[in-house]
């Protein structure tokens, strides 16, 4: 005798459009990729229409693929440098420097958020202009103070996209940490002040323990996002000579430049599995926090 | 009189100044160059002009891409907002078995199936459905990707609206549909508008999906068009590109300012990524 | 058949039984109050009648029709919610008109009725304002207006006075009583305030933990409560209920014996039991009485005075309407009005007199 105020029909009709879209364009591809990864499908040619099932052959190939290892290594450095050290570190510093200074905080936040919300293509071109070897603003400034002009994209390609990504993504960490600091009762810090604790001690003994869970949340999320970032492709195209070829860019090159869809799918599967692990980690964490 | 706080204030300004410069300088170029008479890659305003904008409107590809972007984004906004609205309403108001598992799965999949890796199976899916190089393929793909987040935020928002209004309306004699349109929608319009704007900025800014799924230049949205403008061989028309990028960025900034006015950025934290 | 009937209705929420096998018969002319402590299932019962919840077991009839599984709009009921639930995006006028509007009543008639109802509830000046722009008392009137404008089978009111301050509440209570007489159909009213229930109702159902313990007129419930719970819930100050040992027809209270053989009871408790007596049915005496005790505290409340008396380890409240010369520590005799004395058995159920069926 279960009856609902909405009626079964309404419930089903209301859910179907959203769920079917999600199912077809999100869940289905997410599962299907496992199968495609075990074929030798290509975009054109004989294997386009009738790909063979090759089992784990692709994965065996991936494991001895030096481009794969190169991409993995660069992705690791990229995540470590731009997300974990760069965004989280800078985000936390900015949150601390603007703590309890409302006008300053809202000004800094708007600047940082601006870098976050400008469409990625525009951002990419802004940086290409900014770092241009001959006319870029940065090099003009360097030469104005008597320094050598640097060809950033060729001399320090990885560093360049790391710095770029710090610029691009610090907003989230700063917002999260600012919100986290707000949750610390001011009396804690005031007590520490009365005792005469140094800034470092205040940070280590009062602030850090209180925002620890936020830091973990932040690190997982920005790792997940940075791992999937594709924007550096717009800056460097993965070059020079694969020195900025992130895993996402390598997948793109394999699947959509060389049209090896089957092989690309097997690398994609590995990337999605890493996503899965990070997402599970995050979800179990946020679940524990709620209960 | 010496205030001990003043010293630390000064130190913080000294630390913050270069960081602000770091964040502002690339953006400064976008604000200055479109109005510059002799636009270059260096930030310099040597005389004010609107000439660069005129050249954008004379460029067939650019104007066409604007139209394409508008078609794609508006379709995605309508599709996602409507579908997510209906589903979130049910998920918020009706507690059925497996609801939480469903929500959990949605969050999980939406964060896992993303980025270039997800584009491989999505490309093949569009290939099989005959949607490669169609705007419909781009619209559906973008919608599927944004839907879970929109659904989730809307559900959270709906949960915060007390049910008594709907119950009062039911007792007053409304049908369930009247409750939805006369009571619930007006009460939740603010949240729905915010979601619509978030969905708009996401689909408007997206580069990867149209870049992978579209082949012909005439179908490119602005994001892909700008990329081809600056990455193609030859001397790029810096003035035109900067003016174009400026126009392309404006709606996004506008939308976020509106969202911030209404809700503050805490609300927005969940969707980006 | 009664106008509204609940037939062994049960409603569960995951692990709580909010309403447990409830049977109610409500007549068309009743002002029927559901009374009980917080969480006893009053609101849930009301919502079951409204159709906002559906029972797990049992049947509900309104106006002779089985509406157990009907949507609210097919039941023709009007409800006033505890927090009024005035639609914040509509003006007062639109709020009041809404029930008629969704029922497609002609515009002219809506206008006429809104004007009439607003006039009689004295809110005519507020019609163009929004609910956020009027006071709590005014909101309550608007909520009433939105119900009164309909011609429903039943009016359902969920603690409509609880959000008002004490003074306004008394005023609104009288107003509500007056209004209910003109409604011409049954009112089901929820409250946890016994004085409100006594003042307004033609019938009261006392609930506890999902059960209906007793149904009857206020007088009946006041004079012959079915058990110790009802007895102690009704009346202010509440009935004195003390546990005692029974020795045949004698009640032994901490060594003092009260002879109850005059009471025409069908039986006496075997061993343990309770006696109950209302504070106004005890009188002081300086020389003799049924019990002897010591004055513990005297609380003059203006018109009446409440005196708490310790009888060994038990304490009894006495309500008197004249000034008392006693002070704390005075030894005093108490006389109990035997015809107003109740005896409850060990489980708390009141033992009937022989003349009661």
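A, B and C label the chains in the order they appear, each numbered from 1.
By our rule, a residue touches a chain if its C-beta (ideal position, glycine included) is under 8 Å from a C-beta of that chain, and two chains touch if they have at least 3 such contacts.
In this text, all values refer to a predicted model and were calculated from it rather than measured experimentally.
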Central chain (distance from its CA mean to the mean of all protein CA atoms): B
Chain of greatest Cα-centre distance to chain B: C
Separation of mean Cα positions, chain C and chain B [Å, integer]: 56
Cα-centroid distance, chain A relative to chain B, in whole angstrom: 17
Chain centre separation in whole Å, for chain C relative to chain A (CA means): 62
Multi-chain contact sites of chain B, meaning residues that touch two or more partners: 170, 176
Overlap residues in chain A, where contacts from two or more other chains coincide: 5
Residue numbers of chain C (touch at least two other chains): 52, 71-72
List of chain B residues in touch with chain A within their complex: 8, 12, 15-16, 19-20, 22-30, 33, 40-43, 79, 82-84, 86-87, 89-91, 93-94, 96, 104-125, 140-141, 143-145, 147-148, 151, 170, 176-177, 201, 204-205, 207-208, 212, 222-224, 226-227, 230-231, 238, 241, 245, 248-249, 252-253, 256, 265-266, 269, 272-273
Complex contact set, residues of chain C against chain B: 47, 50-52, 71-73, 76-79, 81, 83, 85, 87-89, 98-99, 102-103, 146, 150, 156
Parts of chain B lying in touch with chain C, wherever the complex brings them together: 162, 164-165, 167-176, 178, 182-183, 186-187
Chain A residues touching chain B - in the complex, by the definition given at the top: 4-7, 10-11, 13-15, 17-19, 21-22, 24-30, 32-33, 36, 41, 90, 93-94, 97-98, 104, 108-109, 111-130, 132, 134-138, 140, 167, 172, 175-176, 179, 199, 221, 224-225, 227-231, 234, 237, 247-249, 251-252, 255-256, 261, 264-265, 267-269, 271-272, 275-276, 279-280, 282-283
